[in-house]
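Let me begin by handing over the structure; questions about it come next.
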Amino acid sequence: YGKNTIKFLRLHKEGKKHFVKEVEVCAHLRLTSPQEYLEGNNSLVIPTDTIKNIVLVLAKKNGIPSLEQFAIDICNHFMTTFCQVAYVKTYVQEVPWQRLHEDGVPHIHSFICVPDGIRFCEAEQCRNGPLIVFAGIKDLKLMKTTQSGFEGFYKNEHTTLPERHDRILCGELFCKWSYGECKNFDFDCIWKKIRECILEAFAGPPDCGEYSPSYQKTVNCIQMLVLSRVSQVQVIEVVLNNTFYNVVDMKNLGLTNDKEVLVPVEAPYGSCACTLGRK
Amino acid sequence: YGKNTIKFLRLHKEGKKHFVKEVEVCAHLRLTSPQEYLEGNNSLVIPTDTIKNIVLVLAKKNGIPSLEQFAIDICNHFMTTFCQVAYVKTYVQEVPWQRLHEDGVPHIHSFICVPDGIRFCEAEQCRNGPLIVFAGIKDLKLMKTTQSGFEGFYKNEHTTLPERHDRILCGELFCKWSYGECKNFDFDCIWKKIRECILEAFAGPPDCGEYSPSYQKTVNCIQMLVLSRVSQVQVIEVVLNNTFYNVVDMKNLGLTNDKEVLVPVEAPYGSCACTLGRK
Amino acid sequence: YGKNTIKFLRLHKEGKKHFVKEVEVCAHLRLTSPQEYLEGNNSLVIPTDTIKNIVLVLAKKNGIPSLEQFAIDICNHFMTTFCQVAYVKTYVQEVPWQRLHEDGVPHIHSFICVPDGIRFCEAEQCRNGPLIVFAGIKDLKLMKTTQSGFEGFYKNEHTTLPERHDRILCGELFCKWSYGECKNFDFDCIWKKIRECILEAFAGPPDCGEYSPSYQKTVNCIQMLVLSRVSQVQVIEVVLNNTFYNVVDMKNLGLTNDKEVLVPVEAPYGSCACTLGRK
Amino acid sequence: YGKNTIKFLRLHKEGKKHFVKEVEVCAHLRLTSPQEYLEGNNSLVIPTDTIKNIVLVLAKKNGIPSLEQFAIDICNHFMTTFCQVAYVKTYVQEVPWQRLHEDGVPHIHSFICVPDGIRFCEAEQCRNGPLIVFAGIKDLKLMKTTQSGFEGFYKNEHTTLPERHDRILCGELFCKWSYGECKNFDFDCIWKKIRECILEAFAGPPDCGEYSPSYQKTVNCIQMLVLSRVSQVQVIEVVLNNTFYNVVDMKNLGLTNDKEVLVPVEAPYGSCACTLGRK
């Protein structure tokens, strides 16, 4: 198969107000015949340069109503235009530009980049198969300074980790879900709702939080909340890359450190992942 | 000289509410004698490990009231404790954790990382000299989709750039200012005010913006506004790393592209910088 | 499942001569029961910290005879020690330290890092299934300045790429192969042989090279040569991330540029990949 | 001032043999008047795009006989062509392509990237001042597995580091030297000679090495050897970014670890730097 990455900006105006989307699009194609590989016969090959042109032309003609709709448009174009395409997958990722505000007033043409979780989506289709849409959020860094522990784990002669009932829970979250076959969803609205579910399940109630007995359980809570609140989600995958923090031992410096000063532990670096679907 | 980087977390509680600062501290020391280099005589050398311990102990004892105060505390400690230190510089950078909110309600112990401009500061001192404090913001990505041009520049036989009166202005901003000799400023408050000045000078009025004839002029506008509004600032340096965007030529694809689809130009990649002080 | 990364150095001496291996090990485990996720029951969970200890203890006891043997040792340990493990995968990657030479004389204890292609391997096993070993090379950057073209490709109204019969072929190669079920191979020797095959197939004969009609065909040539020369390889995957170079058009600068000055094209950035096995 | 980065490839042929240089050029200009900043008057501004064209045209016309000569050519061009330029600095860095060899036979047009120390240079000039040339090597990673210690350092109540007489010495080296005013040196030959001096001073004799009492002393040995062997060098700066390795304590795992298994210590991360000139 072949793969491309194209980055571009799509502007549009409503009156004097400007709107901007900057996206990175990655298109994977697999052809029906491997002759390009085996024989060096290029007659069916769609050059990277042509793929770039198609993506830019579609952006020009249709705009980017939502990341998901744009990914669907690209898939449809390749499937209907090129009979030599056996499979197409489109990945679209957004640069998180947000409108600037001055004293609460939105600016008509100025933006700031706020990367607190990157939105992305995928659309994929095999010839004669359904078009399936995924969406997700990545690089979302979260921390709980309490209400997290890790106890009762399996122990043997290689175990040196002490049990802890009040540790820091910190990690980078990746979350991807599928919508099943594509319908006319309000993708922007659903995405925002899922982001809120993730934050709520991670943090618990604002006034007291909720105890997490492990990274794994927190991953599961996020999945359960999304599945219960957002009916359009069929399957949800969550990966949590953990950053561990150790309370610095200050005894030999003559001090007691009551979880006030902690250092990140670079190694071992762990992650836990789980994929959960509906019955 | 020697240099160290130490990353750690400082927690404190007020009632049930948690506060967190994660910082990266970098300490440079220069000793009065170069004997460690020339003779391999280590008797005056303060090991990296000791420097780390000192930084962590100061964080434990004093907390981090502000980045600047913490940098000052470290400088003072080294100057007063070690007579072999001829010069000390401390750089402190903050991981941009922000308190999570659920439906507008602040969470008591959960945080999200929002890197829309990184706050940092520096304190430096030569023995018998004044302690000087700098502060700044870096990795602040901004974009204006109009009200920017570049015309009337110098031309000769190597010039191929066309004049433009409606281009994208996009860049990553670095800004660093000095407070002169250290006083008891409200560093947090001043920092926020300067950040607002930067955004205002970059963007112009929310309803119409302000025309920028060049990156250089925008850099100067930012400096002038900060100097006029914030009396504590003595000298201000601004570096703007430009990202250029080209309107995609779609003529050979049979389309007119009225600044709707643009691609970033990776090379040449430019930056402009200026340092401005008070008379 | 859970995943860990551990980086460490393994030294050993033969007489006064030192040998060093620095590796990054990543272990994935899947347990037979998802109770840790669903119920927050940690009783079967093997903590990251324990996994780290096991990897370090195995390195201490057995050394790292080859990356592959070390990966196999880790897999075996987890499968035989923990009945709750349903699946284990171990990835091992080497930091490319090479012995220093002075005037051709090897140094007994000094090394230089030479990252001209990173060696890695994987071993994986499901309970009651065979242990399968993979090996590979990544981050191998290669360039041919001629004997490469791209012609006769599919064209339609979105095609703007001209045909070229003398372009630069430049890319970063990833190559991974499987040995099938594990036998007592001389993994170091085979790895070196495969690396040579890759370079030979990429470059062609030293005195004239060999024409490449596409990145795809070059990928296939590499695979075919490895499969024909190295009988232990069962399946081989090659991914070539292309860097395109454009001859700079200097007509409007009054110069003819006969493929003397070229600039890398950042976008579109392409890659092609193929997996090939034996019949 | 303004700054640009331009990356390009320069090819040339001698008979059927191809030669390639890929470089990254960075040009800083400061103009005699700040009117571009203060007044938004662009009439003296040399656009980034023009600078790029000049660099490419010089590469086309003169080739890149050596990095240093190319940097000098660029400086000279700007100083003689543009009377509004008050200061110019040119930085040139090389992508480390090496000719491929098959069974010892050099390939006529195939290359591999071998980043074991990156070569760079700088040329700078103020109007009416001398043109000064610097050269250097960076990203050179070296390790000694023995013959290194750190003892007799300053101790107080914050000291926790034990003395060590047999530790790992590992670091990333940056080295930059000045040639004083530019003469017709054989820059390629001198650069290779200095690289050899660095390796020799770092490692010591191949059969036994030489004891290093500190990173600082090793930095000084490198400087002294270069100054004594290479008369063209006026001043030499060396920065060594240290990576510390700790012997893993395996007592609670029931094992003795005789400096066989070590882990890198991510924090504190130190560096030491020194600049040394001739009397």
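A few notes on this one:
Order as written gives the chain letters A, B, C and D; numbering starts at 1 within each chain.
Here is the rule we use: contacts are C-beta pairs under 8 Å (C-beta built on N, C-alpha and C of every residue); 3 or more make two chains touch, one makes a residue touch a chain.
The chain lineup, named per UniProt: A, B, C, D = Uricase.
These figures come from a predicted structure and were not determined experimentally.
Identification of common neighbours of chain A (Uricase) and chain C (Uricase) yields B, D. A centroid comparison over C-alpha atoms places D as the chain most distant from chain A (Uricase).
Centre-to-centre separation between chain B (Uricase) and chain C (Uricase), using Cα means, comes to 38 Å. Annotation: 28 Å between the Cα-based centres of chain C (Uricase) and chain D (Uricase). Counting only residues that touch two or more partner chains, chain A (Uricase) has 6-7, 53, 57, 158, 160, 253, 263-264, 267.
Against chain A (Uricase), in their complex, chain D (Uricase) makes its touches with residues 157-158, 160, 252-254, 263-264, 266-267.
Note for the complex: chain A (Uricase) touches chain B (Uricase) at residues 6-12, 16, 18, 20, 53, 56-57, 59-61, 97, 100-102, 105-116, 140-147, 168, 196, 199-200, 202-209, 245, 248, 250, 253, 255, 257, 259-264.
Interface residues of chain D (Uricase), counted against chain B (Uricase) in their complex, comprise 1-7, 34, 36-54, 57, 81-82, 84, 150-154, 156, 158-161, 213-214, 216-217, 219-220, 242, 244, 267-274.
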